[in-house]
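Please find one structure pasted underneath; my questions will follow.
We call the chains A, B, C, D, E, F, G, H, I and J, going by the order they appear; numbering starts again at 1 in every chain.
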């Protein structure tokens, strides 16, 4: 069965859930449509998260990103919506989405949104010399 | 109707105002006039903000930046004035303007000014490993 | 007397006209208007030439570049026009103009035009190991 | 009337057709579909040409590039096809298309195709020191 | 005796154990197999640690990294497992493993995991001007 | 059926064989074994060619590169052997293989080998200004 | 009257003294003499400050930097002296001088010195995601 | 008298000892011998310090670095030893040594060690916007 | 005797005069005065040459470059003059001087001049794949 | 038996001597002594060659480079001498040595020398689009 765009995100069990550790994912090939002009927009999407019980599965993530190809999406809204969708299926301790949009009208826009689980506190970071 | 330079900044409703998130905008094509010599100055303007109820609309922002093309503007003053204008129309929780001016007399100048809404406090940043 | 935009290019005598040598000039602060939309365009202009009797004077070149600030100018035409103006006043043995325009509609355009004096032939270049 | 994807390329008269000069165009936002898997492919398309009577109009070029968004396209074929389409409408003295595709299966592919008008010969290039 | 892949990590005595200092190691030549497809995966592994009594010996580290060449390994698990193995033999005060995997399906993944010894507290870092 | 390493290279018909055009392929994930020490070697392989009747199919190329994973291979020999294998199945007009090996003993080695079909002559390159 | 090297630094009134904001100045063309050998030294000087009532005027700053051209100056001393001179005329809330000297004897030296006004406290910085 | 390698580090009086300020020194031309194989090792040494009464004199520092040319030196030990030697002669308020070693066996190693004078506390750093 | 600026260039015998080989020298620390304004100018000077009987001695070259520190010098003239001085003392088979001047009035200038000995012809360069 | 510096270069049979192909070798860790001051010099040595019957063996090359560690060597002479030694043992069709020396007295020097076998002619290079 060929791959298809899909809003369904799949997960797998976090293999080291006893520890807070960071997973960083970069998706340089995101495209959607401008809701005003209908013309294509392009972006690089960064996901950084600390998983709790579940990690996001990469192949379904690719299909999920593909699902925006024919949708109109405002910069600010789509960034927060991607965060919402990923939080809904993985319930992470922490997640940050950074969406770097390509230039439009000579202007570059980047949107960054975060989720923190209730009651979760980050460890104090160790800054090595 | 063709586009025109304009001091009028338009806004739209923040689609996720329940959350502090960051919007970064880079405008590499800013030009004004040197108030002393009348000669053109050039700069890249960076805007970073956490919106409250309103976000700045990008097309009007482009016209706003254009409106400085024939105005004399000291580096320090114009940076603070842009901040003042953007704060006046969007009332953000936080906003920072960085203006990187091109070399003049062998000297490079950058000016950075910030606004913080009264009573607003930034979340403690999560520094991922 | 303050500086002013001007189409008048000044020259000075080539101090070593007995020899073919190269002068390269980069002007990163060129701006004109889009003839279709009236909106500002920006470019970096490169001039490379082998002078004959005359070299172009840099301060007048700066005022000349300034003179396009309020003019509508198509990419292809303005590059060739700048070449024509500079050739007219300096009669160089060789001149090349490269105009790198900033992105418009997600598309980057660069135009390169050359003039060769009649009867002039370039020396065979020495390619050092 | 809103913009739409279109295979129709528009042209304008070359303002300096008496001279061979170079026009370089970079389109970083090209996307099509993989004919085997149906999944999106992305590329940066470079166009370099020496116009004869006609230049390609940039807005129609943007719509033309957009028209591949829902088409299946093999790397080698689409590069040559774009060359064919652009040559058909502009009849340039010389044209080169370079398509840099994003990584697939850990492999990066770039395809470069050229057209030379019959009887046209390039000037011997001037290589400045 | 020729070198061979090996899970055995060797150590040597920390020559300055009275002081917290940082050792950074970069291994750009890590390869394992994808547990789903059996195809090769590649990564750069970074190790940063503050040794207690023991430091990891580099030649055995090279053989250890080699030992993954024919093993299936999920990104998240293998990063935590390498951390576990290195902590088991060196009992460091602090250790951080960063695994930067090469692109798969157009997506880049990096995993970062840390170990802190019980009772150990990092010194407050000196941030020099 | 899962993918497997294989020496079998597959081809497809060149869609524009009437024209000399360039196909560039970069494979950053090549690994083999050092024939002297048995330890892993790593390289980036570049393929540049002008196809005649046949192009190399990318998925089979990936499996072909994988097939060296457990083979001993001298730098100079493996580069020429890859060239020989690719020429044997595609009979290109021109092909160049560049193998950039990672540092060994503090020394970096790159090997470049070319094949030219009998009777084939390259067009004189157009060097644009 | 032509410009001349001068130790006199001029100031202008801070146009937004009600706010702590940053002014960054880079002077890449600083030269002085080595007090030991008498040979020229070169450096890039960076000034970062938060003005109180007065800002430093750029043209006089250029003449001030010029005034070191014929003076002997040890790296550590001249950096602190420049800080002292600039603080004396502008009484800033905060000022930092960074002097990056060119290589001497195969060794690169950078010196960084700061002044903080009595009673002034920096705002807690906002670190945006 | 010609220069010679020497373990003797010379100092000069700190010209601004009333103030904590930073001196950064980069020595890209460090070489010693591997204690196991006897083969040459290479590194770049960084020194960052806040002087108390004494600064290190650069010419003697160069001779000091030269003195390791014929000595066997483990990465971790030599970094701490250099720190020890420099602290012994300058008694700084703070000093950090970073030794970046060239690749060995495909592995890059960097060691960072710090000294803080008893009772010295760093000022809270000013992080400018 | 301390070093001093000097127009005297010293030479030494070319140790391999039977062969055409290339010597490249980069002097990033050149400064002179603008003949119009008297203000300092800065440049990086590149020398590339094929020696005949004599090579230029580097210490005297440094003193020679120093000798321009207090001289007024037009960009085009000083480049040709340096070429003339170096040719006069070394009589090279080929020499090229490239002077990259720092920005003035927002404009960057580079001047390149060459000398070829009478009767000398460059070997046809070997362009390796 | 431990490795030792040695002037003996070893060779192996060229596995594809029927074809002209390029071998590039970079040695970033070369050090010798300045014949005037006795102080260490550092360089990166590049070797590019087209082998005839013999290729240079890399481990002996490493020992050969090591053998200069305690020798005085003028830049121009040592480059030509290395070329001479390598030509003597491998009799290549073509060889080029490039020696990039580190900065001395603020001046960077690079020396490039070539050998061409008698009667050997390079193929006309294929310059791909």
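The rule is short, and it goes like this: contacts are C-beta pairs under 8 Å (C-beta built on N, C-alpha and C of every residue); 3 or more make two chains touch, one makes a residue touch a chain.
Computed from a predicted structure; not experimentally measured.
Participant: So which chains count as neighbours of both chain D and chain I?
Facilitator: Chains touching both chain D and chain I: C, F, J.
Participant: So which has more C-beta pairs touching, A-E or E-G?
Facilitator: A-E
Participant: Pick same or different for copies chain H and chain J, depending on whether their interface residues overlap by over half.
Facilitator: Comparing the two copies, chain H and chain J contact each other through largely the same residue numbers, since over half are shared.
Participant: So the centre of each chain is just the mean of its C-alpha atoms; given that, what is the distance between chain D and chain H in Å?
Facilitator: Their C-alpha centroids are separated by 55 Å.
Participant: Would you kindly tell me how far, in whole Å, the mean C-alpha position of chain J lies from that of chain D?
Facilitator: Centres of chain D and chain J (C-alpha means) sit 43 Å apart.
Participant: Using the touch rule from the top of the page, what residues of chain H touch 2 or more other chains?
Facilitator: If we look for residues of chain H contacting two or more partner chains, we find 21-22, 24, 28-29, 96, 102, 104, 106, 112-114, 126, 128-129.
Participant: Would you please name all pairs of chains that touch?
Facilitator: Contacting pairs: A-B, A-C, A-D, A-E, A-G, A-H, B-C, B-E, B-G, B-H, B-I, C-D, C-F, C-I, C-J, D-E, D-F, D-I, D-J, E-F, E-G, E-H, F-H, F-I, F-J, G-H, G-I, G-J, H-J, I-J.
Participant: Which positions of chain E touch chain D when the two form their complex?
Facilitator: 102-104, 106
Participant: How about chain C: which of its residues touch chain J in the complex?
Facilitator: Counting only chain C, the residues touching chain J are 128-129.
Participant: Using the touch definition from the top, list the residues of chain H that touch chain J in their complex.
Facilitator: Chain H reaches chain J through residues 2-4, 28-29, 31, 37-40, 42, 66, 69, 102.
Participant: Which residues of chain H touch chain E in their complex?
Facilitator: That would be residues 21-22, 24, 48, 50, 74-77, 79-80, 94, 96, 104-114, 116, 122, 125-126 of chain H.
Participant: Please give the residue numbers of chain I that touch chain J in the complex, ascending.
Facilitator: Per the stated touch rule, the residues are 14-16, 19, 21-29, 51, 55, 58-59, 61-62, 126-129.
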